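Here subunit A shows up in two complexes: once beside subunit B, once beside subunit C.
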Partner chain A sequence: MLFTSYEFIGFLLVLFTSYYLIPKKHQWKLLLAFSYLFYFIAGPVYLLYIAATTATIFFFARKIDNFTLRQKEYDKKFYKTIIKSKKWRLLFLALLINLGILAVSKYTNFAIANANSLLRAVGSESQFGLRNIIVPLGISFYTFQALSYLFDVYRGTISAERNFFRFALFVSFFPQLIQGPISRFGDLKKTLFSGHSFDSKQISSGLQRILWGFFKKLVIADRIAAGVSEIIREPDLYGGAYVFVGMLFFALELYADFTGGIDITIGVAEVLGIKVAENFRRPYFSKSIKEFWKRWHISMGAWFTDYVFYPVTVSKPMLRLSKWSRRNLGQALGKRVPIYLSSFIVWFLTGLWHGASWNFIVWGLANWTVIMVSQELEPLYNRFHKSFPALKGKLSFKFFQILRTFTLMCFIRSFNCYRDVPITFKMWGTMVTERNVRILWDGSLLGLGLSLADFIILGFGVLLIVWVSLKQRKGPVREYLSTKPYWVKFVLWYGLFLMVLIFGAYGVGYDASQFIYNQF
Partner chain B sequence: MKNDTRVTYTRLIATILIIVSTLFLLTRLMMPKYDIGVTEGALVAEYYDEIKDHDLIFIGDCEVYDNFSPAVLWQDYGINSYIRGSAQQLAWQSYYLLEDTLYHEKPAVVIFNVLSLMYNEPQREAYNRMSLEGMRWTPAKVRAISSSMMGSEHFLDYVFPLLRYHSRWKELDVTDFTRIFTRDKVSHNGFFINVGVRPAINVPEGRILGNYDFGEKAMAYLDKMTALCRENGIELILVKAPSLYPYWYDEWEEQVKAYAQAHDLKYLNFLALIEETGLDFMTDTYNAGLHLNLSGAEKITHYLGEFLLNNTSLADRRGEASLRAEWEKKLAAYDQEVERKRGEEE
Partner chain C sequence: MNELLEILAELHEDVDFSTAEAIFDNKIIDSFDVVTIIAEVHDRFDVAISAEYIIPENFNSAKALWALIEKLIKE
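Let's look at the complex of A and B:
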């Protein structure tokens, strides 16, 4: 059930109505029922997967937590040697089961394809056949969300939930089930399980957020998607400046698609009185790739930082490596080696998490490379800024940094667009070899499945997004608008609704585009 | 306090009025203006402008609205008839249009053109739209939509056509704005006048089919139509208009004949009556044998008129003053339209 389908709107209407009609103490149970219904509609078999993840993590987290709770009863030494090791074994088992499910369902065919390539490379004629494996909707998201709970319980940051069904709701909460954000139990439980009274202001604010999400998804993302797919489908036809156009289009599509989906998620949760963390903070205004990743898909970045980067950095082998590198490479470089290596692992896994393909892995490692190179060049930047101190505060320089980051991001992202990595490099090459800049103004862009009218709508949409983003720096735009007179608010919100209704790419004649992040 | 409440209610009512009226206007604006475009889409809706006192209703696809002239049936035989046909109208759509008709009137005779029995599945969304959009909202329309939708269609798109036609914003022109509330009549009691001539030369033979049996769904709706007519004391007559294409197979003919015999229905296959009707496919068709032109339609309507007066309960009603007055206006419009179209052809 797509977020932008009539069925989903109907589903929400029934849920919202019944949610505020039943006693508050039962609201979370209704949410659980609707979340499982949502997942059941997506695919009845998927329920087995999510139920397995829920049950195993709940079970192991409780076991681990029981040890933590009885910590005082144990002798300190006994706890450190025996109990900690028991806790670790339980954690390992839970990880093995759940990452195993994720790996088998999502990465088996990738592994087979790689094994086949390897066999071909060594001259073997035998090949493994690809398997027909179900990949449950949103498995990467709900597995990571459930694992964050397991890690937090293991670390003692939170206590294990004693009610299985409450935990089941945390894992399956439908608005964020298929594209995040990856919430933490400690944050979400504050509002997820408590009763909520009907609050017209909050509901109207949630609905406005949903509408804004619909605008981004239907008017912008699904409109420009035609142009993106045309350019990447025929790389032989669309080289040179088209590659640049494709990168720009994809940047816009991905932003409108993903942030639009998250707007719908947060808006739905808000209508239900539940606070879901923001996943974006105006990412295209970032001045470096490192900053970009703190502002784009924030919950995923934080997940990898908290549960991969830090544990790997302080792990025993890494500490040993740190010692060795300081001794052999000097203090300055030796200190950075383990961090860079941990970072490498994080970006490799980030790429792999996004998709079972080398495109994503190379994309992840390209991000790592840019971040590491920037870090290495930092002394140089600092010297430069010392020589030109006035430059740093200048708007034009900030604009340059934003543009530079955006362009870099576009280049890195093109790994996710084209069929494979060599084609991506080849297309970058055509940007130098093919002299066809004129396509930017000679009308050729109208041959990409987008008419002039589409470009006008897209232009307006981009301006609106930029305006909203600039306004957001001073605080939430909805709050700002809520201070305006009734008829001003009505014209603005009803105008936005009509824009979605008229200019939205939905219905017969349009392909119902899945949200891009649903596929992860 | 009281004042505040009044302001709130006034604002609420004003808001609702603005929303409803803008959505209504936008829907009217975005909907295709069939009467000046694909005119076949305007046919079904025109029925509701009629005085519902017809003795005979034709139902079927293009083979009825192009091939039979109610004006001739009235002028020469005193039969008051109407054609409820639209482009590629499927058997189940014909059935529900008949149900819809019965909400308004009970004719003595219904003529169903059997070509649509060849389709057991909906063919194209555009044809569905042309057949269903003009229907007024009744349970019959709901069932007609439900039974006709293609995989890509959604019921809500029929309830709120703006959801379907919103994408027309790119192709709006001046006429869309000037004709929000007006539409011209395009048919004459459901008959669509064509005066052009394009002889039928080299009509292709029918290709060999894997299975010549009519589909279950189509036949089930023919059964329902037969039962509905019987329940309402209406005589159902099956016809096959003399269109040379789509090819009418002998196997299909046999099935219709057998059905008519089994259910005691009259059946006229005009393809077998070329000599009797005097049809000449060099002069009587406007698109090489697919449909008849005015001359061809008038020829077979004459044959049908004679047949109906001699073989059914239908009687000459030209003696009824009010009906005659009504028809005089219609005949004048009919003649005027024929003249106009002939002028255009020349």
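Let's look at the complex of A and C:
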């Protein structure tokens, strides 16, 4: 059930109505039932997977927490040695089971394909057949969310939840089940399980956020998707300037698609009185790649920082490496070696988490390379800024930094577009070898499955997004709009609603106006 | 404490860490800085700060960080 389907809207209407009609103490139970219904509709067999993750993590986290709760009863030394190692073994077992489920369902065929390539490379004719394995929708998201709970309980930053069904809701909460954000139990529980009264202001604000998400997804992302797929499907036809156009199109599609989906998630939660953390903070205004990753898919970045980067970097072998590298490579470089190594692991895993293909792994490592190179060049930047101190605060320089970051991200992201990594490099090459810049103005772009009307709508959409982003710097735009006269609000929100209805791209082969006409 | 302030000053010369507050929450120090601090602390004080201690409360000021180091030394 897609967020943009009529079924989902019907699903929400039934949920919202019943949610505020039943006693408040039962609201979270209704949410659990609807979350499982949502996942059941997506695929009945998926329920087995999510139930397995929920049950195992609930069980192991409770066992671990029991040791933590009884810490004072143990002798200090006994706790630090025996009990801590018992806790660690439980954690390891829980990780083994859940990362095992994730690895088998998501990465088996990737491993088989790589093994086959290896066999071919050594001249062997035997090949393994690919397996028909179910990949449950959103498995990476809910597994990571459940694991964050496990780690937090292990570290003692939160207590284990004693009610299995409440924990089951935390793992399966449907608005964020299939695309995040990856919430933390300590944050989400504050509003997830408490009763909520009907609050018209909050509900209206949530609905506005959902509408904004629908606009981004249906009017922009789904419209420009046709242009992106045309360019990447036929790399032989679309080289040179088309590659650049494809990068821009994809940057817009991905932004509108992902942030639009998150807007719907946060909006749905808001209608239910639940606070889900923001996952984006105007990422395309970032002045470096490092900053970009603090503003794009924030919950995933924070997950990898807290649960991979920190534990790996401050682990005993890494601290030993740090000492060794400082002694042998000098203080300055020696300090950075363990950090770069941990970051490499993080970015490799981040790539792998995004998808089972070398494209994503190379994409991850390309991000790592740029971040590390920037880090190494920092002294040079500092010297440059000392020589030209006036430049730092200038708007034009900030604009240059934003443009540079955006362009770099476009290039890095193209690994996720093309069929494989060599083709991506080849297409970068055509940007130098093919002289076809004229396609930008000679009407060729109209042959990409997008009409002039589409470009006008997209142009308007981009302007609207930029305006909203600029306004957001001073505070939430919905709050700003709520201070406007009633008729202004009516025109704006009703106008946005009509735009979604009329200009939404409702699937291949449909003409938006005809589709609307049929509905009325 | 002075030695800790030296470590912090090496990271950001422009920040007065003896008075600065909320340096973790306000992103004055980032994740690279945090792990550099931990490596330096391990080197100079022979104290291992494990990942479970990397929370804003422990890294928001030099004072909080020093309190953590003292606690770990005692343990």
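One rule holds for everything that comes next: the second predicted complex is superposed on the first by the 507 of 520 C-alpha atoms of A that agree within 3 Å, B and C clash if a C-alpha of one lies under 4 Å from a C-alpha of the other, contacts with A are read in each partner's own complex, and residues count from 1 in each chain.
By our rule, a contact is a pair of C-beta atoms (placed from the backbone, for glycine too) under 8 Å apart; a residue touches a chain by one contact, two chains touch by 3 or more.
Remember, it's a predicted structure, so these values are computed and weren't measured experimentally.
S.K.: Using the superposition on subunit A, decide if subunit B and subunit C clash or fit.
M.R.: fit
S.K.: Considering only touches as defined above, state whether A:Gly156 meets subunit B (first), subunit C (second), both or neither.
M.R.: Second partner only.
S.K.: On the A-aligned overlay, A:Leu501 touches which partner chain: subunit B = first, subunit C = second, or both, or neither?
M.R.: The first partner, subunit B, only.
S.K.: For A:Ala453, is the partner it touches subunit B (first), subunit C (second), both, or none of the two (neither)?
M.R.: first
S.K.: Looking at the overlay, does A:Val373 come into contact with subunit B only (first), subunit C only (second), both, or neither?
M.R.: So A:Val373 meets neither subunit B nor subunit C here.
S.K.: After lining up the shared chain so the two structures overlap, which partner does A:Tyr486 touch, if you call subunit B first and subunit C second: first, second, both or neither?
M.R.: first
S.K.: Under the stated touch criterion, name the partner, subunit B or subunit C, that contacts more residues in subunit A.
M.R.: Here the partner covering more residues of subunit A is C.
S.K.: First (subunit B), second (subunit C), both or neither: which does A:Tyr6 touch?
M.R.: Only subunit B; A:Tyr6 stays clear of subunit C.
S.K.: Tell me, in angstrom, the smallest C-alpha to C-alpha distance between subunit B and subunit C in the overlaid model?
M.R.: Superposed model gives a least subunit B-subunit C C-alpha distance of 44 Å.
S.K.: On subunit A, what residues does subunit B touch that subunit C touches as well?
M.R.: Looking at subunit A, the two contact sets are disjoint.
S.K.: Name, in rising order, each residue of subunit C that touches subunit A in their complex.
M.R.: 27, 30-32, 34-36, 38-39, 42-43, 48-52, 54-55, 75
S.K.: Write out the stretch or stretches of subunit A touching subunit C in their complex.
M.R.: For subunit A paired with subunit C, touching residues are 76, 154-157, 290, 294, 305-306, 309-311, 313-314, 316, 319, 322-323, 326, 335, 338-339, 342, 375.
S.K.: Tell me, which parts of subunit B touch subunit A in their complex?
M.R.: Result: residues 11, 15, 18-19, 22, 26, 30, 125, 152-154, 156-157, 162-164, 166-167, 169-170 of subunit B touch subunit A.
S.K.: Given the complex with subunit B, which residues does subunit A contribute to the contact?
M.R.: Interface residues on subunit A, with respect to subunit B: 6, 451, 453-454, 486, 490, 494, 498, 501-510.
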